[in-house]
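Here chain A shows up in two complexes: once beside chain B, once beside chain C.
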Partner chain A sequence: MTGASTVASPEGLADVPAVAIENLGKRFGGVVAVSDVTFALSDETITGLIGPNGAGKTTLLNLITGYLKPTSGSIAIKGKTVTGWLPHAVAGMGVARTYQNILLLDSETVATNILIGCHGALQRRRLVTRAKEWRSRPGRDVVERLLTVLNLREVAKDEVAQLPYGMRRRVEIARALAASPSLLILDEPTAGMTRDESDEIGRLVQQVRDAGTTVLLVEHNVRLVRAICDEVLVLQWGNIIARDSAERVWDDPVVRTAYLGDMEGQESETGPAKQEGGTTNAGA
Partner chain B sequence: MFDWLNPYTQLVAAGILVNALLVLSLFVVFQCGVLSLATIGFMADGAYTSSLLATKQHWPTVPAIAAGAVVAAVLAYIFGRLVLHLRGIYLALGTFALGQVFVLGIANFTWTGGPGGIVGIPVDITLAELVFVVLAVGVVFQLVHLSFVGRALRAIRLDERVAAGAGINVARYRTLAFTASGFLAGLAGGFEAFQTGVISPDQYSFVLLVQILALAMIAGSYLWAGSVLTAIAIGVAQQYIGTTDALAEGLLYGGLLVVVMILVPNGITDPRLLRRLTFRRLRPHRGPSSPPTSEASPSGASPLVIK
Partner chain C sequence: MLQQTVNGIALGATYSLLGLGVTLIWGVLRVLNFAYSQFIVWGAFGTLIAIENHVPTVFAVLIGMAVAGVVAVFVDMTVMQFMRRRGTSEFALVVATIGVYYILSSVAQDRSKSQIETFPIGGFPHGSVDIGSTSLPSLQLLSLVISVAVMIVLGYWLNRTRLGRATRTVAYSAPTAELLGVNSRAIFALAVFVSGCLAALAGIFNAADSSTLSYSDGDQLLVVAFAVIVLGGMGSVKGAVIGGLALGLVQVYTTLYVSGVFSNAITYLLIVGVLIVRPNGLFGVREEARV
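== the complex of A and B ==
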């Protein structure tokens, strides 16, 4: 539990990274999902987390957000050790996330699903404020803004179960943004989206960063990662095998071998774009 | 206020309202996905606490009933922390055992009157008072329903992972709901005791639990008003069928429960059903979804002023 050591830095809070992970490990029985991962995310950057299927990306996100308890190592958020904390407590530290297999309250409306994201802010208000603001339906202004930003206004009162895949993704992103997070974790936010949609999500993520949020992005869409990430972490077999800028990371031979395949490094970069075309057809 | 009703009707109406409180006591835990079968136990706690205070300590009726409800709530809080970490059927069994322990305990102490119960409880609760209490409870439920607390409870029922990810302390809200459930059951127990003047352990039976459970299932776990209306509607229907006919009563509850489970598995206050009934559009989105556009934001420059 020495993860909070960064707090001691004399420069003060400015030096405290949004997330600092030290020697983090997670094993499920005999399977090592994440082993000895150490990294820190700088404030107000977009960090891409990539790696082949089964590399431990989602496990890593689940460890950071408290859904899984690590078997070793420590996690610090804004300098505070949160190792072993429950998800709601981690969320209380200003962490919001989306899930790989979209998790929404299916029988509720889009607006309600987004409102759920405001819970922390509403809960933190003082009782007097709550009583005063009760009539103005607190949280609605945030929802209204997000409905506009994510172009969901038209379906605001619709049940989310009825929506197509891409829209459901956007509702999830809206819910995460409703928490005004200081760390936003997106688990494959553009999976199943058309090219236009994912470009728009990319622009949105950049705006979120510019507004002062640190973003950790798990994504298979290489084009998007190249376009928006400030830095890329490559995970394989639960280890970080490379860390570099989004432009340079692809030149690393280890990354080429691990992620893009042995023989066709250059060609497979177009692979995800092709997949995108496929999902477009499937979605239409 | 209800003098125009004959005494028998008043008694029946009071019984129906007590049932409504019991159904609400289940509703409040169903709302956050906890299947609690301890309600009857808490009802017994409330009834015995208030009756003992009134008969042995000569407390006035209103403080006695309030104390009964508070004691039931405190017990619910303490024991809720023990059983609420369970899930699914284990939770149901845990709460069932809890409720039975209370009833059996009461039956086996001498200071509670043992199996014979307590007689001579002052009968001085009017129907008007009971109506007032149910309405007051309804107002509180409505305020909670509209607030972030109600939303959090519903989120926990629908998906605990989503709730936790949004910063909702699942364990705390479940304990809160369980405590409220104990309070309402205790309140119902107290009111019943001061309506009938006589209580004994055998009236807090499994049969009563099943009846209340059936009502709660039919009512669903979305709107509190559904619980009250279901309790009233079925209570009234029961008067026409006749309370002496156990078979007819069984058919009424069992039959209704089966029909509701088939037609509206989430009860008559299922939000989907309500949306359909209020003719809100429920159109399927099969066409290609429109991508989010920057033009949608009026300012254009930075639509996200999140900070």
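== the complex of A and C ==
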């Protein structure tokens, strides 16, 4: 296991990680969901977070976003400790996310859902700017851009509830991007998507990173993780058991056993090398 | 007939105000707030006390609205917030609002020594305005104008502003709204404050109309408010306005053409009839689309 945390250097903010998590723990009664997790995410990188079901991935995301309060440890966003902060305050630090189970306002249109995502970014504007832009319906330009980028223009005025699953996923990603986040957390963004759609999302996530956003990606699609992630964290039973580049992490026997299961001789058939183009069901 | 229609619309305007306040609370907080009855009364008492202290009527009305708004927020941030944090059921929250109702009612009753007080109407519009062949009391015309204005402002706020969209998001799901950067507690407080102000307005118009004020004035109005939002569709702004106007018209018509004694009975039977045909009310919205 790697993942020693870095903290703000005396030289300044340049070395401050987008997220720094130290000794983070979460218990639900007697169940340990996350145990003593420590890692830091560098700016403008895509980090994959993988692990079987029940590994604690979503719990970890909920801790980072303030939806859950940790039992122990600390979380810092851009050098500022946000442990115990309410979710809206964490979101105010430029953290946006999507969800494993899509959470959209089903009775609203696609455009309105994306516009709602602008709330944090609009709120962060200075009062003078707000006053100047009051009549120009701020946020509309962001919505227009994201409708194009996410290929949603044709359904902009459609009720979200009427859309197919893959398209709803794209709306949720658009809503997260509308917040102009510095940290984007994606929880299985390509679940239920076709290969082409997944590739499209992969390219988009890379563009988002290149534009200066740090991305934490929870994903079961091994092909996508290998293709776009700069590094991968592997979580099992609430612990980070490995951290390495997207290519090398699969060579770790601990990861192969933990993530792909104890294949006992079947590994050559189902191992990572054989999974190109497929979505592993390990842990799904 | 035309005169009675005008009277019905004027009566319905006050009912709409009541409905708008309750529908806002219900849409955002998902609780039927029985203490709303006392927000109506406290708002009117706030105005009464201000007038008694020689505050100009317009400012006295604003003070009454502020009193009810602040009391509503205080109740929400103490009792309701505490119970919500504990994960209390909606039914328990309703019971808590009944408890708050009795506390506020007792204070108001103590202040008025259980008597009906005279509500000074010198500063309110008086006389009547001729509209074609009909005549409408100025006070009711003002009530109608304010109701329509409130509806337009509320509609604009909810649909066209950032805070309005945030309010709708909180109404849909407070946890989701929080993760989008919306401070749900602030939105709760804002919605409750606006709701309290609307309750006060309705209470003040009701008191000015009868020139009297009692600590129990809100009881009957609360029943009307609940009827309005059930008829119009719970959580629907448009439903609250149309529901209020419909209720006012039906009450006036039944009083005139059927019987004053059975007016309420017939009105509520009609509401039951509407609900049998349209279980979600006239403009009922789906569960996730309130406010």
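Please note the rule applied: the second predicted complex is superposed on the first by the 251 of 284 C-alpha atoms of A that agree within 3 Å, B and C clash if a C-alpha of one lies under 4 Å from a C-alpha of the other, contacts with A are read in each partner's own complex, and residues count from 1 in each chain.
We take it that a residue touches a chain if its C-beta (ideal position, glycine included) is under 8 Å from a C-beta of that chain, and two chains touch if they have at least 3 such contacts.
Not measured: the values here are computed from a predicted model.
Look at chain A after the overlay: chain B and chain C clash there. By the touch criterion defined above, A:R145 reaches chain B but does not reach chain C.
Of the two partner chains placed by superposition, chain B and chain C are both touched by A:A91. Touch criterion not met for A:G192: it reaches neither chain B nor chain C. Within the superposed three-chain model, A:S107 lies in touch with chain B and with chain C [touch as defined at top].
Between chain B and chain C, it is B that contacts the larger number of residues in chain A. With the contact threshold set out at the top, residues 65-67, 86-89, 91-92, 96-97, 103, 105-108, 112, 115-120, 122-123, 138-139, 175, 179 of chain A are in contact with chain B in one structure and with chain C in the other. Those residues of chain A that touch chain B in the shared complex are 65-67, 86-89, 91-92, 96-97, 99, 103-108, 112, 115-120, 122-123, 130, 134, 138-139, 145, 148-153, 155, 157-159, 162-164, 166-167, 170, 175, 177, 179-180, 194, 196-197, 200-201, 203-204, 207-208, 210-213, 283-284. Contacts from chain C toward chain A in the complex involve residues 160, 162, 165-166, 168-169, 172-173, 175-184, 285-286, 288-289. Of all the residues in chain A, the ones that touch chain C in their complex are 65-67, 86-89, 91-92, 96-97, 103, 105-108, 112, 115-120, 122-123, 137-139, 175, 179. Against chain A, the residues of chain B that register as touching in their complex are 147-148, 151-152, 154-155, 158-159, 161-170, 266, 270-272, 275, 280-294, 296-298, 302-307.
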